[in-house]
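First up is the structure itself, then whatever we jot down about it.
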Amino acid sequence: MTKQLMKAFAMLKIGEVGWIEKEIPALGPRDALVAPLAVSPCTSDVHTVWEGAIGERHNMVLGHEAVGEVVAVGSKVKDFKPGDKVVVPAITPDWNTLEVQNGYHQHSGGMLAGWKYSNIKDGVFSEYFHVNDADMNLVLLQEGISLKAAAMIPDMMTTGIHGAELADIKIGDTVAVLGIGPVGLMAVAGARLRGAGRIIVVGNRPVTIEAAKFYGATDVVDYKQGPIVEQILELTGGKGVNCTIIAGGKSTILADAVKITAPGGNIGNVNYFGDGEYLPIPRVEWGVGMGHKTIRGGLTPGGRARMEKMIALVQTKRVDPEKMVTHEFKGFENVEKALLLMKDKPKDLIKPVVYVK
Amino acid sequence: MTKQLMKAFAMLKIGEVGWIEKEIPALGPRDALVAPLAVSPCTSDVHTVWEGAIGERHNMVLGHEAVGEVVAVGSKVKDFKPGDKVVVPAITPDWNTLEVQNGYHQHSGGMLAGWKYSNIKDGVFSEYFHVNDADMNLVLLQEGISLKAAAMIPDMMTTGIHGAELADIKIGDTVAVLGIGPVGLMAVAGARLRGAGRIIVVGNRPVTIEAAKFYGATDVVDYKQGPIVEQILELTGGKGVNCTIIAGGKSTILADAVKITAPGGNIGNVNYFGDGEYLPIPRVEWGVGMGHKTIRGGLTPGGRARMEKMIALVQTKRVDPEKMVTHEFKGFENVEKALLLMKDKPKDLIKPVVYVK
Amino acid sequence: MTKQLMKAFAMLKIGEVGWIEKEIPALGPRDALVAPLAVSPCTSDVHTVWEGAIGERHNMVLGHEAVGEVVAVGSKVKDFKPGDKVVVPAITPDWNTLEVQNGYHQHSGGMLAGWKYSNIKDGVFSEYFHVNDADMNLVLLQEGISLKAAAMIPDMMTTGIHGAELADIKIGDTVAVLGIGPVGLMAVAGARLRGAGRIIVVGNRPVTIEAAKFYGATDVVDYKQGPIVEQILELTGGKGVNCTIIAGGKSTILADAVKITAPGGNIGNVNYFGDGEYLPIPRVEWGVGMGHKTIRGGLTPGGRARMEKMIALVQTKRVDPEKMVTHEFKGFENVEKALLLMKDKPKDLIKPVVYVK
Amino acid sequence: MTKQLMKAFAMLKIGEVGWIEKEIPALGPRDALVAPLAVSPCTSDVHTVWEGAIGERHNMVLGHEAVGEVVAVGSKVKDFKPGDKVVVPAITPDWNTLEVQNGYHQHSGGMLAGWKYSNIKDGVFSEYFHVNDADMNLVLLQEGISLKAAAMIPDMMTTGIHGAELADIKIGDTVAVLGIGPVGLMAVAGARLRGAGRIIVVGNRPVTIEAAKFYGATDVVDYKQGPIVEQILELTGGKGVNCTIIAGGKSTILADAVKITAPGGNIGNVNYFGDGEYLPIPRVEWGVGMGHKTIRGGLTPGGRARMEKMIALVQTKRVDPEKMVTHEFKGFENVEKALLLMKDKPKDLIKPVVYVK
């Protein structure tokens, strides 16, 4: 039998991308094949290709943010059928693992191994892509949610909100969000969803600052106006914030986070750290080890139940992710252009979406 | 020395209220004397007077919801001085107790004994009232917060939000709020503040339903249209809600709450139960004891730090409590009228406020 | 093809048990067939047969506590092979469900539906029995753990310890354990494992009292000497305990639990409640709804990861479950005798074990 | 009025200790004056004097671990009177602060400022010492607890156990304890108290290894036999431990802790870090920011309620702290000798106690 080929946009090797042909993936009994309707490139794709963040890869299809249409399903798939429109989480774990039983599906099969697309297997920038354990990892795209909004759910929304979860915000807390790219913006929305009072964001570009305010920021610190630690301590009368979410930055941002967080506070990190062998905790400001400034960092939950919760937030208008989409492209061929946008970060960019048709 | 007298509105005995004269309270070194600027009567006052909810009392000044102006402070009070405008929490615990060290200031000195006004001591419907441990129990009324809004903070807002805290809502959860009087409305706001997706409320009066939608309700169940358990199960495809907040009702409402909550869900109660010797948990729907439907009920936190968090929510416009105030009175003498409103519950009432001057 | 038959001990109908022949279960690709090495009857079997606790059943094989030997495995089972000695949890959920993703595998497929043996499917009192999702639900019996000890792991140990988990015990807390049958004894061990200081048990039979002391009880209350509420309040200077675990009793035991638990305390229930339409929460002692006495009740976690944790506790000698086994039988035919022991509860009984060979 | 003088053992300046005379402290209305019965020097005293850990101090009385007898009390002290034997926590916060209301009394008045003795005020190596807020900070020494055991409660026991609390151990978890000085030994006891299965300790001296086994260690790693990360990973089949408690070591021990902890695990630190500007989190092993390896570090809780919990553990024989006391001295003058022991750390030392009379 001849294998059928499909077109895909891939990392050819570190530093190089391009269009390739690959075989359409084969399906196991619980799997599904999905054709993308809308995709979005992620900063992670940029890290992967141009920084070698996950090591060398050859002809690996890129992309892990997609909304699509089911094309085929395995014999044991019960809840989905060809023609269904679905949101596909960036994190699609193997659910039959002890890690799941122990509470961390994100790390099933090894640390971070719940993240499969454009990492452990081919990504979603392809005519078709493979979904493992479809009943557990897909979710129907509900009526009334646009493709534009839906494309923000698989990664941006769930990741940013996870930052707020990790920061364990309490009602009325003052929260700092470091970094207001799309994940940071969703961290702002997440902080508000957990009941934050003041939300202090650090940013500089007008487009992101305006969006941050839209999502709930009350104070803006411009890192070009001086050290952010000083500015945030001044804003809080020297006391620091209750919680900090890190959603961007080099490794030294962790030191800043510790410095601005009050004793008894929490730091939640959803940032990918790509530089240095060590991340620095400032010894004195961490209370020489005893300041009760908790540091949590984690990959977003994925899978179907998580996506259902995200969709509920969009349906009930708790979060409007469309505000983040600054650039829209029609035609699958524009994936490359969209990815380069994420690489070059023009002033007016938050996040692009590519509609396949 | 002749003691000075002041005018106060009191419970004379069960079933009877009236204006009396009392001595102006003496101050200990950590105490403060406050003159009310705005007060609000509470359903609890109604329970106290007409249902004998806390037992017999003679000439006890009523009221526990007040915003006021500091008139005098004890020698050890550091953070407040005469002339300061303050919000006074309904719950003003003794902070120097083991109950505080064990995490429950509400119950310092005995279960519920953190609630002092119009319970253990005279209330706030008086020309002047006493504040124990002023540095720990008062908070400055911040600029830009109206008296109208501020009067909702001492009890309604913090109590309703505590319902959401007790229900331990997770991001995107479906939440039911049973009862949408003022506490229930703030429970709706609280559910939204904790990240609820759908919020199903049970009510009937247009004024409260409109307010519930304003605060975040997405679905309304009218208890006059049939049993609420059936209606809510139908709305949730038979699955029930993730969390339920009880903010009103007779003791049987607890049974309803268990029936509509899915296994693994939480029930948070901030309702005062006044009837019956026992509250009923339905055995089968509670999983014959093993359904993981957690039942929590608790008095709101009080004190200064809590009030600071509430004020932050108003300042940052996360919650606008003014929407609840349907009736406003000028002149202290209208306290009686306002209280009777709470007793009679006319159709258009949510909550009255009385401005003293 | 002729189906092979096996011998099994079953509930013939409510009130009647007996030996029957059944077909050996067929295996799906992820399943296993296990032959029991040691089994133990449970009070639940008694409830099932003589109280009709789960409704009518015909020729349903009884038993859900077993240690066995793997006889056959499906094609997709990776971690087990014929000849492996395994502990089989009483709770064997379907792991591919949204309930698992939402944190409650016990209720996958419906409330309590993680409990399958002698409930939803045939039990383990059979020459062979079926294990769904073997890689997720079985665990190897480790070297150095006796069959006698191992037979207590599938239900008694994990259930009793779950009582302590539900009660959310903090270091140094005073804990009451109501009921010291085998589950109650493991609740005592669980309370100790979570760091309880004083552990007050309620019992009467010397054999269980001695065992309770062995597992960590410091104070014993004899319910024949007067109302237990009064006795426990006296023992605690009127303050009540921090946490209460319910591991036995009629529905009124819940009222007792609320009465003896201090504000801010937790009640954890692992008792099966079989009587009455409602379980009573005493209104006043529950703080008229606001006493912060949390009530949790839940089916024990099951599956492989949970069993691994239990086995670790036995291997490291944190818990010695052998002490509970008061009656040992050799020969599968003695299952009936052992079950009747559980029904009749002679004075010297805690728990019997039947070694199949 | 002439002030009365007392003898005290003090830090004269960095690097120098000696006996001095000081005025007997004056008492406020809520304070108490206590004469020590037994004291113990702490490694912190060594850090303070010879490493300048808290900066320069002149004639500051050393010591923060004491059991004593109340000599005088202020007019508002209700629960203690002269002659009472008391345990004095190392952490004696100001309880009337917002930090307490926000849940962290340890940091009332500023990060770590709940630690007052031999830090913010004079310590306990003195004929008499001052106790602020006596009703909130003292606890009666219960009958049946030896001075030897009691002297371990104020700091060693509560600090070590706090390590286990910070590590948030779950039933049956595998736990590593890094450092088995007296705090580490109590961390081992704490891990057992929270239900750990395997407890892997890192140490080398026979006296501490034997004590570690006594308190619950199941595996011992000798850091002189090779890198501890490799050894612990090997012991756990490459998976790492669920939780790690850091109770000793230079700043690089934090990197080791991250490396040996599995994703989803927790690191609890109660170690004082004295070296370096930054503590290193190893980037890759921390999952490039997303491995869900939570890092918590905190000063032990203090005050009366905490001490009551510790005393309950000793009374109920959950922990026997006497095992840690390897050196006993009679006569207050031996405080110096005892302190030098802590500085020199002879092979057979765990912890010395000095009985004053």
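Letters A, B, C and D mark the chains in the order given here, with residues in each chain numbered from 1 onward.
Here, a contact is a pair of C-beta atoms (placed from the backbone, for glycine too) under 8 Å apart; a residue touches a chain by one contact, two chains touch by 3 or more.
This structure is a prediction, so every number in the text was calculated from the model and none was measured.
Shared contact partners of chain B and chain C, listed by label: A, D. Although chain A and chain D share one sequence, what matters here is the overlap of their interface residues, and that overlap exceeds half of the numbers used. Separating the CA-averaged centres of chain A and chain B is a span of 39 Å.
Within chain A, contacts with two or more other chains are made by residues 102-103, 308. Remark: chain C residues 53, 99, 102-104, 106-107, 111-112, 246, 251, 254-255, 263-264, 269-284, 286-299 touch chain B in the complex.
The part of chain D that touches chain C in the complex is made up of residues 161, 164-165, 170-174, 190, 192-199, 218, 308-310, 312-313, 315-316, 318. Partner chain B is touched in their complex by these residues of chain D: 30, 95-96, 98, 100-103, 105, 133, 135-136, 303-306, 308.
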